[in-house]
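Labels run A, B and C following the written order; every chain starts at residue 1.
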Amino acid sequence: MAALEPRPSAWGGLNRVLDTPAKRGTAIGAILVVMAVAPFVFGPYATVILTNSLLYVILALGLNVVVGYAGLLDLGYAAFFAVGAYSVGILTTEFGWNFWATIPVAVCAAVFAGIIIGGPTLRLRSDYLAIVTLGFGEIVRISARNLKITGAASGISGIEQPWLFGWHIATPNDFYYVFLALAIIGILVSVRLSNSRLGRAWLYVRHDEDAAEAMGINRVRVKLAAYVIGAIYGSIGGAFFAVNLTAISPESFSFRQSTLFLMAVILGGMGKIPGVILGAFIVVLAPELLRDLGSFRLLIFAVGLLLIMLFRPSGIWPVRSR
Amino acid sequence: MTLANLLAQQLVNGLVLGSFYALVALGYTMVFGVVKLLNFAHGDLYMVGGFVGFLALSLVAGTLGVGWLGVAAAILLSMLAVGSLGVVIERIAYAPMLKAPRLSILITALAVSLVLQNAVLTLTNGQIIPFSPKLGFAGVNLGGVFINYKQMALAGTAALLMLGLEFFFTRTQYGRAMRAVSVDKDMCELMGIDVNRVIAVTFFAGSALAAAAGTMAGAYYGSIWYFMGFLIGLKAFTAAVIGGIGSIPGAMLGGLILGLLESFGTQIPGIGSEWKDVFSFSVLILVLVFKPTGLLGKSEQERM
Amino acid sequence: MTETLLKLSDVSLGFAGNAVLQQVDFDVAAGSIASLIGPNGAGKTSLFNCITGFYKPQSGRIEFDGTALLPLKPFQVTRTGIARTFQNLRLFRQMSVIENVMSGQHCRTKAGAIGAILHLPSQRREERAIRDHAAECLRFVGIAEAEWAREATTLAYGHQRRVEIARALATEPKLLLLDEPAAGLTRGEKLDLITLIGRIRDERGVAVLLIEHDTSLVMRLSERVSVLDHGIMIAEGTPKEIQTNPRVIEAYLGAEDAEAALAL
């Protein structure tokens, strides 16, 4: 019933064009078909780029729960990415575990880290939280670089690629479909969360913390839920990243990486799933297209971010006009 | 070297390091007091200060040489230039965002920081640029501890700047206005104080101090790099928090404490220089969790 | 004799040397309508904030329905059965009317992330219940269904005030604290408000405590009126008693029309 539909749909401005469920279904179907045949149509190089984009989609969706839904500025998200990747790396190479068995461990490690860091700090004001998360990200990266068990500066290599019911997931095409599946799951989970009691609670806390408390909402617990869910997305992304590349090193988990994830969330349209997906693709594809410009393209991103914040904070994704 | 000598040497190192942290922390805390924003780009202003100082030194090299006089001139020029840059940034990026949700202005500050970093990265191609004025290695020997003139000049300049700031706060009209605005901005507007002008002056002063620290750091450590602001920004924030965010004496105290903590901390077996930063960040997190108001800060009362 | 629902004993609150509340004793009976009046700055909103847990008084006790409120955090206070509205109207921006009211049901429900992700039947049932409950509260305060999907802050001012009351009612309180609910309302809207508050007591059995400056409204509505002046409770009683109390008249004498202020 339209009267009870709580919020303008996630499609934003495209709602005018895609105004019936049938049209929306067709659009999604078309996209899925294109994604399904992409490796055969666009060739191996494009496949690798798309796989990377899908990885960013997963991570951006996770960070979107933290930043876009709950409104917490997390500047150290790469830490959870690292936790997932190193859990897999260490358990498979040092202890010979089966990849699939390491996933629960990676997730638990991320949840644990999220609770340890988030628990005491999420009640701080947002500026402090931003810096604390940044500090945490750095602590994880420096620890990875210094400790023997994480392979110090050279990291971990020779990570075995997994088998699933007789299918050896090893080629770029294989990983493309794995990441595509993960991205789809990630999207469904995000959609369900945003339309739930918890998803609403994030918005209440984000828009007016004190009023939310007055309505009986435990804001620290609500924020912690967002932070931990974000951590889970991050670590799963990291786990599959590790077996895709078969080698990981501390450089992949720096502050620069955290800012790239953040840019993916914000550029496309923070808080809206299509926007976040778009942002992820922009962040991965733009450097490919702007290849010749070298480090100049980072400057372009940064300027882009600044311009977006000043002039179009809702992001690039079209916004429904009211 | 005897233990006493070692400790004394670390004391000197700690104080020198602490002076840098204090100078940068002051800028953080002043801006926070006046606009209630942690200027994320502050560390990068330190970095830009180092580069501008380098350029300024090349500029005056012909007339003033590259010795003490040249460096002093470079510091002054850098302070002026970067101070102005700070005001420009405030007007362009922060002023329009003051009424926006908190998250937006934080992201904007991050964006400014990234713009500054990446601009310098692009211009320098990421290289570490040597910055070597001719300041010599002479110094004095106090009972087995060697303090070179550079260190004394550094600590001395920092102290001078901080004294100047203290004077500015307590004796001048602008200083008093700044303190008033940090207590109640809206009331100040009603009382006819030009709040925008006060904010601009605050940003100028804070950025100038960071620039001075950046130029001195470049000259002292001998090099400048596009990423040097990142770490100092975090450390300076830690210092400001230790001393109590919003408190000027707190920033000075916090800076010195952090410098000393780092100096002595690295002597603890197990914490080598690789773990120095983890040590500082852990201090930051512990302080924020257990005593967020720091040593001299005022506790915030919930407003309804 | 109806039971005492809320009881403040000897509550004192001070900020930076200013005494905001001084040894205040105050209680509200279950299912009654009580009002708190007093000149500006008397400490009325501060009293509300102490009750709801946003301010911590330096001394004293606050008991509600057998529970000590002082050690509780604000969200816990709400869960014991106290809800409030705000002087400056704090609806959640960029969210619809019905979503605003649904926030009240958060503390009475429990579906978490797992239930949401797996779309469990229990979660779906609970979502429907939340929506239905919010709808019922909106109907109760008289907001038309056509408005429910609109962004809450786009409604007419008087309607927004009612939405805020609906939101507070959605928490299923035993006591409703209304902070200046009549501020900015037209005469007709004030009469509607009086009716609404009466219905809240009669049909839902919820006790209501108002802070209000419109004393004629207070006198018409309240069973009991308490007067706060400079943090001190100077009088308590029925509206008739308060209107003829010399201390009260004196406290208001500074205002331009003390007689009109007391609706004599």
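Basically, a residue touches a chain if its C-beta (ideal position, glycine included) is under 8 Å from a C-beta of that chain, and two chains touch if they have at least 3 such contacts.
Quick caveat, the model's predicted, so the values are computed rather than measured.
Chain A has its Cα centroid nearest to the centroid of all protein Cα atoms in the structure. Most remote from chain B, judged by the distance between CA-atom centroids, is C.
Chain A and chain B have CA centres that are 33 Å apart.
Annotation: 42 Å between the Cα-based centres of chain A and chain C. Averaging C-alpha coordinates per chain places the centre of chain B 48 Å away from that of chain C.
Residue positions of chain B touching 2 or more other chains, listed in rising order: 302, 304. Contact of a single residue of chain C with at least two other chains is seen at positions 54. Those residues of chain A in touch with two or more other chains are numbered 210. On the chain B side of its complex with chain A, the touching residues are 37-38, 40, 92-93, 96-97, 100-104, 106-108, 110-112, 114-115, 117-119, 121-122, 125-126, 230, 234, 237, 241, 274-275, 277-278, 281-282, 284-285, 288-289, 292, 302, 304.
Chain C makes touch with chain A in their complex at residues 52, 54, 73-75, 78-79, 83-84, 86, 90-96, 98-99, 102-104, 106-109, 111-113, 115-117, 119, 123, 126-127, 130-131, 135, 145-146, 148-149, 151, 167-168, 171. Touching chain B in their complex are the following residues of chain A: 67, 71, 73, 75, 117, 120-121, 124, 126-128, 130-132, 134-136, 138-139, 142-143, 145-146, 206, 210, 255, 259, 262, 266, 294-296, 298-299, 301-303, 305-306, 309-310, 313. Interface residues of chain A facing chain C in the complex, by the touch rule stated above, are 2-7, 189, 192-193, 195-201, 203-204, 207-208, 210-219, 225, 229, 322.
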